[in-house]
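Data block below; observations after.
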Amino acid sequence: MGNIGEFVKTADYKSEKHVPVIECPSGLKKGEASDVVVSVGKEIAHPNTTEHFISWIALYFKPEDGNIYNLGRAEFLSHGESVKGANEGPAYTDPVACFRVKLEEKGKLVAVSYCNIHGLWESEVDVSF
Amino acid sequence: MGNIGEFVKTADYKSEKHVPVIECPSGLKKGEASDVVVSVGKEIAHPNTTEHFISWIALYFKPEDGNIYNLGRAEFLSHGESVKGANEGPAYTDPVACFRVKLEEKGKLVAVSYCNIHGLWESEVDVSF
Amino acid sequence: MGNIGEFVKTADYKSEKHVPVIECPSGLKKGEASDVVVSVGKEIAHPNTTEHFISWIALYFKPEDGNIYNLGRAEFLSHGESVKGANEGPAYTDPVACFRVKLEEKGKLVAVSYCNIHGLWESEVDVSF
Amino acid sequence: MGNIGEFVKTADYKSEKHVPVIECPSGLKKGEASDVVVSVGKEIAHPNTTEHFISWIALYFKPEDGNIYNLGRAEFLSHGESVKGANEGPAYTDPVACFRVKLEEKGKLVAVSYCNIHGLWESEVDVSF
(Lines give C-alpha, C1' and ligand atoms only; values in the text may rest on other atoms or scores of the structure.)
Protein backbone atom coordinates (compact mmCIF):
# COMPACT_ATOMS: atom_id res chain seq x y z
CA MET A 1 0.00 0.00 0.00
CA GLY A 2 1.27 3.42 -0.99
CA ASN A 3 0.80 6.88 0.41
CA ILE A 4 -1.72 8.74 -1.73
CA GLY A 5 -4.45 7.39 0.55
CA GLU A 6 -3.02 9.46 3.43
CA PHE A 7 -3.84 12.59 1.48
CA VAL A 8 -7.45 11.77 0.63
CA LYS A 9 -9.79 13.01 3.32
CA THR A 10 -13.28 11.94 4.21
CA ALA A 11 -15.98 13.14 6.60
CA ASP A 12 -19.76 13.39 6.90
CA TYR A 13 -21.01 15.32 3.88
CA LYS A 14 -23.66 16.96 6.06
CA SER A 15 -21.03 18.94 7.90
CA GLU A 16 -18.14 18.98 5.40
CA LYS A 17 -18.94 20.52 2.02
CA HIS A 18 -16.11 18.81 0.12
CA VAL A 19 -17.25 15.24 0.54
CA PRO A 20 -18.72 13.68 -2.61
CA VAL A 21 -22.19 12.22 -2.20
CA ILE A 22 -23.00 9.05 -4.17
CA GLU A 23 -26.65 8.48 -5.05
CA CYS A 24 -28.40 5.83 -7.12
CA PRO A 25 -31.86 7.30 -7.66
CA SER A 26 -33.32 4.09 -9.11
CA GLY A 27 -31.11 1.62 -7.30
CA LEU A 28 -28.32 -0.53 -8.70
CA LYS A 29 -29.43 -3.66 -10.51
CA LYS A 30 -26.99 -6.45 -11.34
CA GLY A 31 -26.06 -6.34 -15.00
CA GLU A 32 -28.52 -3.53 -15.83
CA ALA A 33 -27.72 0.06 -16.76
CA SER A 34 -28.10 2.07 -13.55
CA ASP A 35 -27.49 5.78 -12.93
CA VAL A 36 -25.01 6.85 -10.29
CA VAL A 37 -25.06 10.55 -9.44
CA VAL A 38 -22.07 12.00 -7.60
CA SER A 39 -22.19 15.55 -6.32
CA VAL A 40 -20.16 17.80 -4.07
CA GLY A 41 -21.89 20.33 -1.86
CA LYS A 42 -25.27 18.61 -1.64
CA GLU A 43 -25.98 19.86 1.88
CA ILE A 44 -23.62 22.86 2.11
CA ALA A 45 -22.85 24.38 -1.30
CA HIS A 46 -19.18 24.57 -2.25
CA PRO A 47 -17.94 27.85 -3.81
CA ASN A 48 -17.72 27.99 -7.58
CA THR A 49 -15.48 30.93 -8.40
CA THR A 50 -12.45 31.48 -10.60
CA GLU A 51 -10.24 31.14 -7.53
CA HIS A 52 -11.92 28.23 -5.74
CA PHE A 53 -13.87 25.37 -7.30
CA ILE A 54 -14.30 21.62 -7.58
CA SER A 55 -12.13 20.54 -10.51
CA TRP A 56 -13.18 16.94 -11.04
CA ILE A 57 -14.98 13.88 -9.66
CA ALA A 58 -13.86 10.31 -10.38
CA LEU A 59 -15.88 7.16 -9.76
CA TYR A 60 -14.32 3.77 -9.02
CA PHE A 61 -15.72 0.27 -8.58
CA LYS A 62 -13.93 -2.26 -6.41
CA PRO A 63 -15.40 -5.71 -6.93
CA GLU A 64 -15.19 -8.02 -3.92
CA ASP A 65 -12.67 -10.07 -5.82
CA GLY A 66 -10.37 -8.44 -8.27
CA ASN A 67 -8.74 -5.10 -9.02
CA ILE A 68 -10.33 -1.70 -8.82
CA TYR A 69 -11.92 -0.19 -11.96
CA ASN A 70 -12.09 3.51 -12.80
CA LEU A 71 -15.62 3.73 -14.16
CA GLY A 72 -15.41 7.34 -15.21
CA ARG A 73 -14.38 10.88 -14.44
CA ALA A 74 -16.07 14.24 -14.92
CA GLU A 75 -14.18 17.52 -15.28
CA PHE A 76 -15.75 20.84 -14.32
CA LEU A 77 -13.96 23.45 -16.38
CA SER A 78 -15.80 26.80 -16.34
CA HIS A 79 -15.73 28.95 -13.25
CA GLY A 80 -16.59 32.48 -14.27
CA GLU A 81 -13.29 33.28 -15.89
CA SER A 82 -13.32 35.88 -18.65
CA VAL A 83 -11.18 38.26 -20.65
CA LYS A 84 -12.98 40.89 -18.52
CA GLY A 85 -11.50 39.40 -15.35
CA ALA A 86 -12.18 36.75 -12.74
CA ASN A 87 -15.83 35.95 -12.01
CA GLU A 88 -16.99 38.20 -14.85
CA GLY A 89 -17.57 35.38 -17.32
CA PRO A 90 -20.84 33.95 -18.62
CA ALA A 91 -20.39 30.30 -17.64
CA TYR A 92 -20.06 28.20 -14.49
CA THR A 93 -20.04 24.40 -14.17
CA ASP A 94 -21.20 23.00 -10.83
CA PRO A 95 -19.79 19.79 -9.32
CA VAL A 96 -22.42 17.23 -10.25
CA ALA A 97 -21.60 14.16 -12.33
CA CYS A 98 -23.66 11.23 -13.47
CA PHE A 99 -22.43 7.86 -14.60
CA ARG A 100 -24.55 5.18 -16.24
CA VAL A 101 -22.98 1.89 -15.27
CA LYS A 102 -23.60 -1.82 -15.58
CA LEU A 103 -22.07 -3.85 -12.75
CA GLU A 104 -21.99 -7.64 -12.71
CA GLU A 105 -20.56 -8.23 -9.24
CA LYS A 106 -20.88 -7.07 -5.64
CA GLY A 107 -18.34 -4.63 -4.23
CA LYS A 108 -17.97 -0.93 -3.48
CA LEU A 109 -18.37 2.32 -5.36
CA VAL A 110 -15.76 4.88 -4.33
CA ALA A 111 -16.01 8.52 -5.42
CA VAL A 112 -13.04 10.90 -5.25
CA SER A 113 -13.36 14.67 -5.74
CA TYR A 114 -10.73 17.36 -6.02
CA CYS A 115 -11.01 20.97 -4.84
CA ASN A 116 -8.35 23.20 -6.38
CA ILE A 117 -7.31 24.52 -2.94
CA HIS A 118 -8.61 21.95 -0.43
CA GLY A 119 -7.32 18.78 -2.06
CA LEU A 120 -8.73 15.27 -2.38
CA TRP A 121 -11.90 13.93 -0.75
CA GLU A 122 -13.71 10.63 -0.97
CA SER A 123 -16.76 8.63 0.01
CA GLU A 124 -18.06 5.16 -0.74
CA VAL A 125 -21.18 3.02 -0.87
CA ASP A 126 -21.64 -0.72 -0.97
CA VAL A 127 -22.81 -2.45 -4.11
CA SER A 128 -25.02 -5.40 -3.25
CA PHE A 129 -27.89 -6.72 -5.31
CA MET B 1 -9.91 28.61 -38.98
CA GLY B 2 -7.99 25.39 -38.63
CA ASN B 3 -8.66 21.86 -39.77
CA ILE B 4 -9.89 19.83 -36.84
CA GLY B 5 -13.44 20.83 -37.79
CA GLU B 6 -13.11 18.84 -41.02
CA PHE B 7 -12.72 15.68 -38.97
CA VAL B 8 -15.75 16.17 -36.71
CA LYS B 9 -18.84 14.62 -38.24
CA THR B 10 -22.47 15.31 -37.58
CA ALA B 11 -25.78 13.79 -38.68
CA ASP B 12 -29.30 13.14 -37.42
CA TYR B 13 -29.00 11.16 -34.19
CA LYS B 14 -32.13 9.21 -35.10
CA SER B 15 -30.30 7.49 -37.93
CA GLU B 16 -26.65 7.79 -36.83
CA LYS B 17 -25.82 6.25 -33.47
CA HIS B 18 -22.66 8.29 -32.84
CA VAL B 19 -24.22 11.72 -32.68
CA PRO B 20 -24.42 13.18 -29.17
CA VAL B 21 -27.89 14.28 -28.09
CA ILE B 22 -28.14 17.38 -25.89
CA GLU B 23 -31.15 17.61 -23.59
CA CYS B 24 -32.14 20.09 -20.91
CA PRO B 25 -34.91 18.29 -19.03
CA SER B 26 -35.96 21.36 -17.03
CA GLY B 27 -34.95 24.00 -19.55
CA LEU B 28 -32.08 26.46 -19.38
CA LYS B 29 -32.66 29.51 -17.20
CA LYS B 30 -30.39 32.54 -17.37
CA GLY B 31 -28.05 32.60 -14.42
CA GLU B 32 -29.63 29.59 -12.72
CA ALA B 33 -28.15 26.13 -12.27
CA SER B 34 -29.61 24.00 -15.09
CA ASP B 35 -28.94 20.37 -15.99
CA VAL B 36 -27.67 19.49 -19.43
CA VAL B 37 -27.67 15.79 -20.28
CA VAL B 38 -25.58 14.62 -23.21
CA SER B 39 -25.85 11.04 -24.41
CA VAL B 40 -24.70 8.96 -27.33
CA GLY B 41 -26.92 6.23 -28.70
CA LYS B 42 -30.26 7.59 -27.47
CA GLU B 43 -32.21 6.19 -30.42
CA ILE B 44 -29.85 3.46 -31.65
CA ALA B 45 -27.58 2.09 -28.92
CA HIS B 46 -23.85 2.30 -29.56
CA PRO B 47 -21.77 -0.80 -28.72
CA ASN B 48 -20.00 -0.84 -25.37
CA THR B 49 -17.33 -3.50 -25.62
CA THR B 50 -13.64 -3.70 -24.86
CA GLU B 51 -12.93 -3.21 -28.57
CA HIS B 52 -15.47 -0.52 -29.45
CA PHE B 53 -16.90 2.16 -27.16
CA ILE B 54 -17.57 5.86 -26.63
CA SER B 55 -14.51 7.20 -24.84
CA TRP B 56 -15.60 10.71 -23.84
CA ILE B 57 -18.11 13.53 -24.29
CA ALA B 58 -17.16 17.21 -24.02
CA LEU B 59 -19.58 20.11 -23.67
CA TYR B 60 -18.81 23.63 -24.93
CA PHE B 61 -20.63 26.95 -24.67
CA LYS B 62 -20.15 29.60 -27.35
CA PRO B 63 -21.63 32.90 -26.18
CA GLU B 64 -22.92 35.16 -28.97
CA ASP B 65 -20.05 37.50 -28.22
CA GLY B 66 -16.80 36.14 -26.94
CA ASN B 67 -14.67 33.03 -27.02
CA ILE B 68 -15.84 29.46 -26.63
CA TYR B 69 -15.84 27.87 -23.15
CA ASN B 70 -15.27 24.22 -22.39
CA LEU B 71 -17.89 23.65 -19.70
CA GLY B 72 -16.91 20.11 -18.90
CA ARG B 73 -15.91 16.69 -20.12
CA ALA B 74 -16.89 13.18 -19.07
CA GLU B 75 -14.71 10.11 -19.58
CA PHE B 76 -16.19 6.61 -19.88
CA LEU B 77 -13.45 4.27 -18.80
CA SER B 78 -14.78 0.75 -18.16
CA HIS B 79 -15.77 -1.46 -21.06
CA GLY B 80 -15.78 -5.03 -19.85
CA GLU B 81 -12.03 -5.45 -19.75
CA SER B 82 -10.66 -7.98 -17.28
CA VAL B 83 -7.66 -10.10 -16.40
CA LYS B 84 -9.89 -12.94 -17.65
CA GLY B 85 -10.02 -11.38 -21.11
CA ALA B 86 -11.97 -8.85 -23.16
CA ASN B 87 -15.65 -8.46 -22.30
CA GLU B 88 -15.31 -10.76 -19.29
CA GLY B 89 -15.11 -7.95 -16.73
CA PRO B 90 -17.68 -6.85 -14.16
CA ALA B 91 -18.05 -3.18 -15.17
CA TYR B 92 -19.27 -1.14 -18.12
CA THR B 93 -19.78 2.64 -18.33
CA ASP B 94 -22.35 3.84 -20.87
CA PRO B 95 -22.01 7.14 -22.77
CA VAL B 96 -24.27 9.44 -20.78
CA ALA B 97 -22.98 12.62 -19.14
CA CYS B 98 -24.69 15.34 -17.19
CA PHE B 99 -23.45 18.85 -16.58
CA ARG B 100 -24.99 21.34 -14.16
CA VAL B 101 -24.28 24.75 -15.64
CA LYS B 102 -25.10 28.39 -15.01
CA LEU B 103 -25.10 30.51 -18.18
CA GLU B 104 -25.43 34.27 -18.16
CA GLU B 105 -25.61 34.92 -21.90
CA LYS B 106 -27.26 33.65 -25.07
CA GLY B 107 -25.30 31.46 -27.46
CA LYS B 108 -24.88 27.81 -28.38
CA LEU B 109 -24.14 24.58 -26.57
CA VAL B 110 -21.94 22.28 -28.63
CA ALA B 111 -21.33 18.65 -27.61
CA VAL B 112 -18.48 16.59 -29.03
CA SER B 113 -18.16 12.84 -28.55
CA TYR B 114 -15.40 10.42 -29.43
CA CYS B 115 -15.77 6.78 -30.47
CA ASN B 116 -12.50 4.86 -30.20
CA ILE B 117 -12.83 3.58 -33.79
CA HIS B 118 -15.31 5.94 -35.50
CA GLY B 119 -13.78 9.26 -34.46
CA LEU B 120 -15.30 12.62 -33.51
CA TRP B 121 -18.99 13.59 -33.67
CA GLU B 122 -20.87 16.70 -32.65
CA SER B 123 -24.24 18.35 -32.26
CA GLU B 124 -25.47 21.70 -30.97
CA VAL B 125 -28.47 23.49 -29.52
CA ASP B 126 -29.23 27.17 -29.16
CA VAL B 127 -29.17 28.83 -25.77
CA SER B 128 -31.84 31.53 -25.57
CA PHE B 129 -33.72 32.61 -22.49
CA MET C 1 -19.39 18.60 -41.15
CA GLY C 2 -20.45 20.29 -37.93
CA ASN C 3 -19.69 23.64 -36.37
CA ILE C 4 -17.09 23.15 -33.65
CA GLY C 5 -14.41 23.73 -36.27
CA GLU C 6 -15.60 27.32 -36.67
CA PHE C 7 -14.63 27.98 -33.08
CA VAL C 8 -11.12 26.57 -33.22
CA LYS C 9 -8.62 29.22 -34.22
CA THR C 10 -5.19 28.90 -35.70
CA ALA C 11 -2.34 31.28 -36.53
CA ASP C 12 1.45 31.43 -36.68
CA TYR C 13 2.75 30.46 -33.24
CA LYS C 14 5.56 32.98 -33.60
CA SER C 15 3.11 35.86 -33.35
CA GLU C 16 0.17 34.25 -31.53
CA LYS C 17 0.97 32.80 -28.13
CA HIS C 18 -2.02 30.42 -27.98
CA VAL C 19 -1.10 28.22 -30.91
CA PRO C 20 0.16 24.77 -29.92
CA VAL C 21 3.54 23.82 -31.37
CA ILE C 22 4.09 20.18 -32.35
CA GLU C 23 7.66 18.91 -32.28
CA CYS C 24 9.17 15.48 -32.84
CA PRO C 25 12.71 15.86 -31.49
CA SER C 26 13.90 12.51 -32.88
CA GLY C 27 11.56 12.29 -35.84
CA LEU C 28 8.61 10.00 -36.38
CA LYS C 29 9.46 6.47 -37.45
CA LYS C 30 6.83 4.13 -38.84
CA GLY C 31 5.79 1.59 -36.23
CA GLU C 32 8.40 2.74 -33.69
CA ALA C 33 7.82 4.56 -30.41
CA SER C 34 8.42 8.26 -31.15
CA ASP C 35 8.09 11.28 -28.87
CA VAL C 36 5.76 14.09 -29.82
CA VAL C 37 6.07 17.23 -27.70
CA VAL C 38 3.24 19.76 -27.83
CA SER C 39 3.64 23.12 -26.11
CA VAL C 40 1.84 26.42 -25.96
CA GLY C 41 3.80 29.64 -25.68
CA LYS C 42 7.06 28.40 -27.19
CA GLU C 43 7.93 31.78 -28.70
CA ILE C 44 5.80 34.14 -26.60
CA ALA C 45 5.01 32.76 -23.15
CA HIS C 46 1.35 32.42 -22.25
CA PRO C 47 0.28 33.61 -18.76
CA ASN C 48 -0.03 30.97 -16.07
CA THR C 49 -2.10 32.53 -13.31
CA THR C 50 -5.14 31.50 -11.31
CA GLU C 51 -7.29 33.65 -13.60
CA HIS C 52 -5.75 32.85 -16.99
CA PHE C 53 -4.03 29.64 -18.07
CA ILE C 54 -3.86 26.85 -20.62
CA SER C 55 -6.18 24.13 -19.33
CA TRP C 56 -5.39 21.22 -21.63
CA ILE C 57 -3.77 20.02 -24.84
CA ALA C 58 -5.15 17.13 -26.92
CA LEU C 59 -3.31 15.30 -29.69
CA TYR C 60 -5.08 13.64 -32.64
CA PHE C 61 -3.89 11.48 -35.51
CA LYS C 62 -5.79 11.46 -38.80
CA PRO C 63 -4.55 8.62 -41.00
CA GLU C 64 -4.82 9.26 -44.74
CA ASP C 65 -7.54 6.65 -44.87
CA GLY C 66 -9.79 6.13 -41.91
CA ASN C 67 -11.22 7.96 -38.95
CA ILE C 68 -9.41 10.34 -36.63
CA TYR C 69 -7.82 8.96 -33.44
CA ASN C 70 -7.43 10.85 -30.18
CA LEU C 71 -3.92 9.77 -29.19
CA GLY C 72 -3.92 11.48 -25.83
CA ARG C 73 -4.71 14.52 -23.74
CA ALA C 74 -2.81 16.35 -21.02
CA GLU C 75 -4.47 18.46 -18.33
CA PHE C 76 -2.66 21.32 -16.61
CA LEU C 77 -4.33 21.71 -13.25
CA SER C 78 -2.28 23.91 -10.88
CA HIS C 79 -2.12 27.63 -11.44
CA GLY C 80 -1.04 29.25 -8.19
CA GLU C 81 -4.34 28.83 -6.41
CA SER C 82 -4.22 28.59 -2.63
CA VAL C 83 -6.25 28.91 0.54
CA LYS C 84 -4.23 32.13 0.95
CA GLY C 85 -5.71 33.52 -2.27
CA ALA C 86 -5.14 33.57 -6.01
CA ASN C 87 -1.52 33.30 -7.18
CA GLU C 88 -0.29 32.69 -3.64
CA GLY C 89 0.02 28.93 -4.02
CA PRO C 90 3.17 26.79 -4.25
CA ALA C 91 2.50 25.05 -7.59
CA TYR C 92 2.13 25.92 -11.25
CA THR C 93 1.86 23.57 -14.23
CA ASP C 94 3.02 24.97 -17.57
CA PRO C 95 1.45 23.98 -20.91
CA VAL C 96 3.87 21.38 -22.21
CA ALA C 97 2.79 17.82 -22.99
CA CYS C 98 4.62 14.85 -24.41
CA PHE C 99 3.13 11.81 -26.06
CA ARG C 100 5.03 8.64 -26.95
CA VAL C 101 3.25 7.22 -29.98
CA LYS C 102 3.61 4.43 -32.48
CA LEU C 103 2.04 5.20 -35.85
CA GLU C 104 1.71 2.66 -38.64
CA GLU C 105 0.35 4.90 -41.40
CA LYS C 106 0.86 8.28 -43.01
CA GLY C 107 -1.47 11.13 -42.15
CA LYS C 108 -1.57 14.23 -39.96
CA LEU C 109 -1.02 15.04 -36.32
CA VAL C 110 -3.43 17.71 -35.07
CA ALA C 111 -2.97 19.38 -31.68
CA VAL C 112 -5.76 21.32 -29.97
CA SER C 113 -5.22 23.51 -26.92
CA TYR C 114 -7.66 25.32 -24.67
CA CYS C 115 -7.12 28.63 -22.87
CA ASN C 116 -9.67 29.20 -20.11
CA ILE C 117 -10.52 32.68 -21.48
CA HIS C 118 -9.31 32.67 -25.11
CA GLY C 119 -10.85 29.40 -26.25
CA LEU C 120 -9.70 26.68 -28.64
CA TRP C 121 -6.57 26.74 -30.82
CA GLU C 122 -4.98 24.20 -33.13
CA SER C 123 -2.05 23.36 -35.34
CA GLU C 124 -1.01 20.36 -37.40
CA VAL C 125 1.96 18.60 -38.94
CA ASP C 126 2.18 15.95 -41.62
CA VAL C 127 3.13 12.41 -40.75
CA SER C 128 5.15 10.87 -43.56
CA PHE C 129 7.86 8.25 -43.22
CA MET D 1 -8.61 9.00 6.11
CA GLY D 2 -10.76 7.23 3.55
CA ASN D 3 -10.39 3.93 1.77
CA ILE D 4 -9.23 4.60 -1.77
CA GLY D 5 -5.66 4.37 -0.48
CA GLU D 6 -6.20 0.68 0.29
CA PHE D 7 -6.73 0.04 -3.40
CA VAL D 8 -3.63 1.82 -4.68
CA LYS D 9 -0.70 -0.55 -4.86
CA THR D 10 2.99 0.16 -4.91
CA ALA D 11 6.16 -1.91 -5.37
CA ASP D 12 9.66 -1.67 -6.80
CA TYR D 13 9.34 -0.64 -10.44
CA LYS D 14 12.29 -2.86 -11.31
CA SER D 15 10.26 -5.96 -10.59
CA GLU D 16 6.69 -4.71 -11.02
CA LYS D 17 5.86 -3.24 -14.43
CA HIS D 18 2.85 -1.20 -13.28
CA VAL D 19 4.65 1.16 -10.93
CA PRO D 20 5.05 4.70 -12.27
CA VAL D 21 8.61 6.01 -12.31
CA ILE D 22 9.14 9.71 -11.56
CA GLU D 23 12.22 11.33 -13.06
CA CYS D 24 13.45 14.91 -13.10
CA PRO D 25 16.15 14.86 -15.80
CA SER D 26 17.45 18.35 -14.95
CA GLY D 27 16.54 18.39 -11.28
CA LEU D 28 13.85 20.38 -9.52
CA LYS D 29 14.68 24.00 -8.81
CA LYS D 30 12.63 26.10 -6.41
CA GLY D 31 10.36 28.46 -8.32
CA GLU D 32 11.80 27.52 -11.73
CA ALA D 33 10.12 25.58 -14.51
CA SER D 34 11.34 21.98 -14.18
CA ASP D 35 10.43 18.89 -16.18
CA VAL D 36 8.98 15.87 -14.43
CA VAL D 37 8.72 12.74 -16.54
CA VAL D 38 6.47 9.94 -15.33
CA SER D 39 6.47 6.61 -17.13
CA VAL D 40 5.10 3.14 -16.61
CA GLY D 41 7.10 0.12 -17.73
CA LYS D 42 10.54 1.73 -17.68
CA GLU D 43 12.29 -1.51 -16.74
CA ILE D 44 9.74 -4.10 -17.82
CA ALA D 45 7.47 -2.89 -20.63
CA HIS D 46 3.75 -2.97 -19.93
CA PRO D 47 1.48 -4.32 -22.70
CA ASN D 48 -0.20 -1.79 -24.96
CA THR D 49 -3.03 -3.61 -26.66
CA THR D 50 -6.71 -2.94 -27.23
CA GLU D 51 -7.49 -5.26 -24.31
CA HIS D 52 -4.79 -4.24 -21.82
CA PHE D 53 -3.13 -0.84 -21.47
CA ILE D 54 -2.21 2.02 -19.15
CA SER D 55 -5.12 4.45 -19.32
CA TRP D 56 -3.76 7.48 -17.47
CA ILE D 57 -1.08 8.90 -15.18
CA ALA D 58 -1.79 11.69 -12.66
CA LEU D 59 0.84 13.75 -10.84
CA TYR D 60 0.28 15.28 -7.40
CA PHE D 61 2.32 17.62 -5.21
CA LYS D 62 1.94 17.51 -1.44
CA PRO D 63 3.67 20.52 0.12
CA GLU D 64 5.02 19.95 3.64
CA ASP D 65 2.34 22.27 4.93
CA GLY D 66 -0.97 22.49 3.17
CA ASN D 67 -3.29 20.47 1.00
CA ILE D 68 -2.35 18.24 -1.90
CA TYR D 69 -2.36 19.69 -5.44
CA ASN D 70 -3.14 17.76 -8.62
CA LEU D 71 -0.50 19.17 -10.94
CA GLY D 72 -1.70 17.40 -14.04
CA ARG D 73 -2.95 14.26 -15.67
CA ALA D 74 -2.18 12.56 -18.97
CA GLU D 75 -4.57 10.25 -20.79
CA PHE D 76 -3.34 7.53 -23.17
CA LEU D 77 -6.20 6.91 -25.55
CA SER D 78 -5.08 4.90 -28.59
CA HIS D 79 -4.32 1.21 -28.25
CA GLY D 80 -4.52 -0.34 -31.69
CA GLU D 81 -8.29 -0.32 -31.95
CA SER D 82 -9.74 -0.15 -35.45
CA VAL D 83 -12.85 -0.75 -37.51
CA LYS D 84 -10.85 -3.74 -38.78
CA GLY D 85 -10.73 -5.20 -35.28
CA ALA D 86 -8.67 -5.11 -32.09
CA ASN D 87 -4.95 -4.46 -32.50
CA GLU D 88 -5.35 -3.81 -36.22
CA GLY D 89 -5.30 -0.02 -35.91
CA PRO D 90 -2.57 2.44 -36.95
CA ALA D 91 -1.99 4.17 -33.59
CA TYR D 92 -0.73 3.34 -30.12
CA THR D 93 0.01 5.72 -27.23
CA ASP D 94 2.58 4.52 -24.71
CA PRO D 95 2.42 5.40 -20.98
CA VAL D 96 4.89 8.27 -20.73
CA ALA D 97 3.86 11.72 -19.50
CA CYS D 98 5.81 14.88 -18.90
CA PHE D 99 4.83 17.80 -16.74
CA ARG D 100 6.59 21.16 -16.63
CA VAL D 101 6.08 22.46 -13.10
CA LYS D 102 7.15 25.34 -10.90
CA LEU D 103 7.19 24.48 -7.21
CA GLU D 104 7.77 27.04 -4.47
CA GLU D 105 7.89 24.72 -1.44
CA LYS D 106 9.36 21.45 -0.25
CA GLY D 107 7.19 18.35 -0.15
CA LYS D 108 6.50 15.22 -2.18
CA LEU D 109 5.61 14.38 -5.74
CA VAL D 110 3.19 11.46 -5.95
CA ALA D 111 2.37 9.77 -9.26
CA VAL D 112 -0.65 7.52 -9.71
CA SER D 113 -1.20 5.33 -12.77
CA TYR D 114 -4.14 3.22 -13.85
CA CYS D 115 -4.06 -0.04 -15.81
CA ASN D 116 -7.43 -0.93 -17.29
CA ILE D 117 -7.29 -4.44 -15.78
CA HIS D 118 -4.71 -4.24 -12.97
CA GLY D 119 -5.98 -1.13 -11.21
CA LEU D 120 -4.22 1.76 -9.45
CA TRP D 121 -0.49 2.05 -8.75
CA GLU D 122 1.65 4.80 -7.22
CA SER D 123 5.11 5.98 -6.39
CA GLU D 124 6.60 9.12 -4.88
CA VAL D 125 9.75 11.19 -4.65
CA ASP D 126 10.77 13.92 -2.22
CA VAL D 127 10.92 17.54 -3.33
CA SER D 128 13.75 19.34 -1.57
CA PHE D 129 15.81 22.19 -2.96
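All chains are identified by letter, namely A, B, C and D, in their written order; residue positions are counted from 1 within each chain.
Here, a contact is a pair of C-beta atoms (placed from the backbone, for glycine too) under 8 Å apart; a residue touches a chain by one contact, two chains touch by 3 or more.
Everything numeric in this text was worked out from a predicted model, so none of it was measured.
Under the contact definition, subunit A and subunit B share the contacting chains C, D.
The pair with more inter-chain C-beta contacts, choosing from B-D and C-D, is C-D.
A straight line joining the Cα centres of subunit C and subunit D is 19 Å long.
The geometric centre of subunit B is 27 Å away from that of subunit D, both derived from CA atoms. Of all residues in subunit C, those that touch two or more other chains are 55, 67, 69-70, 75, 77-78, 82-83, 89, 117-118. Chain contacts in this assembly form a complete graph, since each chain touches every other chain.
Considering their complex, residues 33, 35, 37, 48, 61, 63, 66-67, 69-78, 82-83, 89-105, 107 of subunit C touch subunit D. Chain contact summary for the complex, subunit C toward subunit A: residues 50-52, 55, 75, 77-78, 81-83, 85-86, 89, 116-118.
Contact residues of subunit C toward subunit B in the complex are 1-10, 55, 60, 62, 67-70, 108, 110, 112, 114-115, 117-124.
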